[in-house]
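After this come two complexes, each holding chain A, first together with chain B and then together with chain C.
Let's look at the complex of A and B:
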């Protein structure tokens, strides 16, 4: 193990402490500032008319009666808003992927229940909803596709003209000599696994308040966005700007801008040259090429961007959760901004829960047929997976289902020493809500792999523990190139967590407990699962997924000391429950040697923070977000120390800062403060406000590591009379590196496990075969409550590296590990292969053979 | 999820409420705790033109003792749940109420409102059937009493006429030689039950003289398992007797599939609950609050 790096914690040492969250007070007393709290004077309230049909053409729409209702300011048809907005363009250049274009509203055809076809703006949401009932739409219903099998069935009605067979993506990858490995292995074991649809369900639904400056027409958008800068960029590009061509010619005459643009274009082409050349000339893969409207859409959007001297300002305040769903730019966001620009009036849309269940973001409806090539002694040799992802109707923008497939490509063999791996993945279009990233978007690779390991272990008559111990990649073999590309270093410490977790299980006691359960008419089982997650991963992780995409890996930060001595840190993260304010204050306070309350954290305002494509997501808030806070704070501290050393007539190496007192080591009585130093600089520079010290930084992380790992072990007790389940023990041994705040890490792990418990035993977003959504309220989409979640035991391991800012992401892991541990435990309890992820009581009794299915 | 417009009335007396019902009849709904009506309106599944809020009518707010318990139309679930008189006279109600929604719902919702709503998955209608409650129904011109068995008429339907108000429900006191309980299985704590049972068994001298098996969550309305009940009478209250009744229950109930449970599952757990419920009810004989 390497030495603990110098943290320069000459202050109070907050990092590593279970410090109480600074966010809690305002949330608990109802003082949080969420988007619905803004309620600007005179704002118009939006309600969307949504399709009651899963698949239909629109023959006519008549909004005249609705528009005449007192209190209604305006009713926009889809055609009116589509005329002033561009299509959502595909952002990913992936061979075999076709991303159909769509606009913010649907005017010719609706593709899922809830598809927006008109927008009412009224004095209140009540009146807006009254008006919705007065809009007359004539639909012609089409055959709807509600399942993967239906989507793939020959002759099925297509959602998209150019998506033959409803296939949106057909993406393959292989690593190692698959054919030879499979031919040489002792046996090949195959199973098919199914996971039904789930939905991210944040406590706060989506929402947007668009404030129009009456003088300039400038838009200020308050939104529940995980990625405010991306939303700002998208609104600028997707709103048609009448002056685009005029601005374009001005742009073309500007030599510097023209040069910068062509340099960027050249860089893009050279980075993606191979991919561009590899565009398959035939079949499915060339659909994108045939669809020339794709290029037109890109061009239109680019012109919008170029013309947008008037980018909107986006502000994200407090956000009540997202779990990935609010990283997308919603069609509603664009429709609302377009409506505000058309009307010149501020408008707001606060999504209700039914809307959120219809199309707030859905995930994980996937099928995997997996074959493992193994030797009879339990050695894992090769993996082949045919996967199908139910992509729903519209691609989420920017992170679509295709990203899940790219991540499967990298993750599927897991922390085990496979020699060959082949993935064939299809994305199919169905008449359902959009698929978004949901906490560990790729997580089903872990579920199906860990489930499959237990299937193999059972067939080979070895234990679930032994098959993992035998094949897990251990530290002595690192650093190593993982089969699928990314570098594995000692932070890929799954083996350590597995060893430790197994040590914490008393297997003799387990046998006794199983017997006791059986005597009560119950069955008890134990399930293990392990995973590794790039959080944020080595530098070559993103480029392994798609060349050129490592450009998203960096995080920009800024820190300032104001003339009055206040320390202000700016983050491009968009916190929505992860406690960024607390952890960043901890990190910065230690660097500055001050109390946490002396640090102000600014986030969410695109006028004040630096550009970030991703905002909060992809497990970057700890390693990169906190990392750039630390590095900018350190630089700024050094600037202050330099001035203070002059003031104190001492060498800067002799200065220390304790509790905000800047002094020569050992002479605290002759000290100065940040306020005094700032005042001196302000007076020297003759300024009275604004920053007197300032540091900006682009931070790319360090080292070859950046893996976050865990092993989960679940005990599941099933009442064989009723199918009711208890979880008498749930254990997580995790390693996310040095922990900034153990309380917050525990909360992240527990929240993730709770969602995994939800996925297995409670949550199913249930569409019928005609793509009608059945779970449209919380009476039918069942999120587990505190009553259903057991105590979750957590042990931390904190593997360090030679680098600094060694904290690694931990937000997604709980959700990644839990479904496999739980379904493995059920399989162990009932002695049957569990091939599906969702197991309500009736299904458990069917699997147990108690009732017929 | 915002309700359509409606006219709001808040009468101060039963007479005033009945006058409003006479006037507005079919276009009116009575609002007590609002735990079912308001979500239905917010989802625009129901759109009464007139809402008659009986929350200000003091004469509807009492629990009275006399030949059992009479619960007024504005008595909240929580109040009945903690009432010593209710526990003494009709322990089955006390057993049922903790299953009604969450505590916040019970603080607002009313016992009689739940009965008038007549949800086939709710506890209180089944309790009414099990105990043989009597409905006190009033209109401007008359009052009448209706037996629970005649009151519930199917899917969210009762014998209350458009101009009438269910002012109170009377529950006869439980026999001193009887035991009773409520058992149910739901997806999560406090969800509607996939199957539930309000049961009572009266066995004065080691022989069952009467039994009530009142199921909810298995049909469009609460339903008594009369065949199984008949099979219990004259038998000793033991596991063998209960298992035989359970088999009859599983074979005679005809529940539907929904997204939470299959019909086969519901039939199966109806049998399980029959055994469990009868055993627990038997253990309650002689134990009174």
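Let's look at the complex of A and C:
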């Protein structure tokens, strides 16, 4: 692509070093800019009235007393806001799935505790909450569905009239000759695994500040969004535009806008021609069979987009964590923007923790009945899985629970050489908060598969290590098309991490430690789990899940050099703890041959950055985000070198840049600088402001690797008297390619493992059978503290791939591997099959036979 | 003083005097406003964060007369006459970071940093009371603060780095938060 040698692997520069975080220069002195910190003068504060019932119809609502309270600017009922907004249409349609449409507020029926029915805007949050108390709502309570069993049972009250009972999706896939493989295997072993509900729980809740320009009505939305561009389009498309037809005809008459639009459409179609052709209409047909109205909703959204002359600007500043929960467009985001537009006044909603627990994003309540066809020597042959996913009440937008099922379809056989695989997955509706992606949204496939491997090993009387070693796909058999479609590449092999991890365990010592634990009235066990993760995946990964879907996955980048020589890089990522600023400066500084402080990174502002469907998510920040920064910087550097070569009367091949000094190799004293080159170009072009050099790029990640791989090994010590757990050792051997910044990668791995530890031993988002949420505070939803999370030992493999950007994603892996390693360790310690993911002390004592269940 | 009922609208305020980060302020605050809201809104010091507003996460921790306190669980009027230190008050007068801030920087302790103000305050109090805590004591000392991003190891590393930094400064920990 370029004639400049890759500095990435040269051992020079910032990449690969534990460079301190530039973000911390603000954060540590209290100068972060989180959404709640904006609090603009005169803003109205929002509070939502939320349903106290899990399932009910609304008979009446009276907001008059509330609206009369001094300090209250306006109370909107659901009906009022729904009238000026469009339905959320399904975006990912899959064969066998029906996605119910819904509005930003609930006016006829509420479907979970916390469902919003009215919105108060007042001078202060205190007054807004006072007003909530004065709203009179008459509900008629309906039978609620609180469990997967209830959702599967016929004849119950339905959440959605057009669904089959409460089943929304019935999705199947198979690979290989399942019937023959199962018939020929020595035996078939079956178990059912359950995982209860969890919630992402970033320390910062959701929030949105909508600033209205009094002169133009333009909305500037400051939001905790992982995907600001998607939010911008969603708001533009979901707010009903009063003058839509007038605007549409204006649009039709405006030659420039028409031209720009058709150019953009043409560009999109030509870039994605192949992918558009690949698109499978089966998903649309499934949706149409149940409900045609999405066509109207999509059309209205499209018309909203065409007819509006002015899309909002979305700005995401500092974000206090998300773990997937802030990638969706919240119903509250739309309600708030609609309210701001109606009132012509700036408004803000800072979610409180109770609201966040009610509906800030929930995940992983799933059940799997898995059958493995195996031979007596431990050879794994086939896998059949019946899965049910509890999707809650409303589908999150745009990435719904259905995407988890698509990913299960690709991942479930994991890094093992199965010959056949069949998945039947149901998505059910229950009266609970919405399901969002949570750090490795598909991760329970790893949990149940790795747990099942231990079950099988025990039945066949072989070790947990041996069954994995025997079946893991090894480099010598790659590259290979994985059973479910995507390509596996030898440069990133799970087998290597498994071998290395096992080397790091002293199994003789383990036996002694187990005996010592027993002597103390404890039990000690060891658990292994291995997985591969598409981060970002080989080029055919997403199209294997859903043909054509990879067209959403470009990552664009832009780089500029200003007239004064400043280098500015624009990313479409929306960082929320991953330290993008630091790592992208490292990458770009190395390419430009300058110091990190010479690079400015711009993110989060839709007026300044390029479109991205996903923003930050799916472990893309390293491989794609940093990848496009690197490529863009490299191209821009080439532009500068060309000019500098002329200025220095040298060949561009002879130019090097060291510490910002652009010079002929070996002649640093006769150098020039970015500022000089920029000044020269500016004076030639008579440009005084704006960039003098500019480069824009699209990037999909190149090369056929794209896998992050790891093996986790956990040691768990259980006190049989109290059920208390200790984790004396936790080992992660991971390979995410060459590391940009080990301090940051270690943090990602540890943070993920900590959430896995939380899920297994502490956290349960507990709804009762009537779908009442019992864990509405941090006294009930237990997030582990520094006392519960041990030191986590990390071994990096750093294999180079064949791509242009070797870095692989690492954000999700910790959470993917941990639940399996931990529950396997518990099973080993107690000598029982562990069939559930959540194991608080009382449950451990039950499993140990100390107390009865 | 009688607190207004839950539905009493805004308007009524009480005068308090409070020292914040070394500056004595006279404020008129609404009696029902939490200390956290007074700090964040009335004084515009937004470095103190609100993660749960029910006393568990510790993000709102400040030093009140030197003691780490949850600003979300107190009313602003209760701080009348008190000395408050927030994250903004930690840096030295010359603008350089407090040794605990410096140490957390070196250790790359945080990610999203929403929890950071609370951890800094708790660490300062911990090290003032026990200048050389063991790892277990550090973990115990920080167990009133939740961090969802880091798995805590980097924060523990930060505290250990702070111990070394402070010891090498020999002057000991800055007595931030002590009444002046």
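We adopt the following convention: the second predicted complex is superposed on the first by the 798 of 853 C-alpha atoms of A that agree within 3 Å, B and C clash if a C-alpha of one lies under 4 Å from a C-alpha of the other, contacts with A are read in each partner's own complex, and residues count from 1 in each chain.
Convention: contacts are C-beta pairs under 8 Å (C-beta built on N, C-alpha and C of every residue); 3 or more make two chains touch, one makes a residue touch a chain.
No experiment lies behind these values; they were computed from the predicted model shown.
Peer 1: One more residue to check, A:191. First (chain B), second (chain C), both or neither?
Peer 2: Touch status of A:191: no partner.
Peer 1: Touching A:840 in the superposition: chain B (first), chain C (second), both, neither?
Peer 2: The first partner, chain B, only.
Peer 1: Please determine whether it is chain B or chain C that touches the greater number of chain A residues.
Peer 2: Larger number of chain A residues touched: C.
Peer 1: Considering only the touch criterion stated at the top, classify A:352 as touching first (chain B), second (chain C), both, or neither.
Peer 2: Both chain B and chain C are touched by A:352.
Peer 1: Which partner does A:130 contact after superposing on A: first (chain B), second (chain C), both, neither?
Peer 2: After superposing on A, A:130 lies in contact with both chain B and chain C.
Peer 1: Where does A:566 make contact in the superposed view: on chain B (first), on chain C (second), on both, or on neither?
Peer 2: neither
Peer 1: Quick one: classify A:724 as touching chain B (first), chain C (second), both or neither.
Peer 2: first
Peer 1: Touch check for A:296: first (chain B), second (chain C), both, or neither?
Peer 2: neither
Peer 1: So, does A:162 touch the first partner chain B, the second partner chain C, both, or neither?
Peer 2: The answer is neither, since A:162 touches no partner chain.
Peer 1: For A:787, select first, second, both or neither according to whether it touches chain B, chain C, the two together, or no partner.
Peer 2: A:787 contacts both chain B and chain C.
Peer 1: Residue by residue on chain A, keep only those touching chain B in one complex and chain C in the other, then list them.
Peer 2: 124, 126, 130, 133, 352-353, 777, 779, 785, 787
Peer 1: In their complex, what parts of chain A are in touch with chain B?
Peer 2: It comes out as residues 124-126, 129-130, 133, 352-354, 721-724, 762, 764, 766, 774-775, 777, 779-780, 782, 784-785, 787-788, 840-842, 845-846, 850-853.
Peer 1: So in the complex, the part of chain B that touches chain A is made up of which residues?
Peer 2: Within the complex, chain B contacts chain A at residues 1-5, 43-44, 185, 187-192, 194, 259-262, 264-265, 268-269, 272.
Peer 1: Flag every residue of chain A that touches chain C in the complex, lowest number first.
Peer 2: Residue positions touching the partner: 18, 20-21, 23-25, 27-32, 34, 36-37, 39, 69-71, 123-124, 126-127, 130, 133-134, 201-205, 318-321, 323, 352-353, 576-579, 743-744, 746-748, 750-755, 777-779, 783, 785-787, 789, 791-792, 814.
Peer 1: Report the residues of chain C in contact with chain A in the complex, numbered from low to high.
Peer 2: 6-7, 9-11, 30, 32-33, 40-41, 45-54, 56-57, 59, 86-88, 90-91, 97, 101, 104-106, 108, 110-117, 120, 138-140, 142-156
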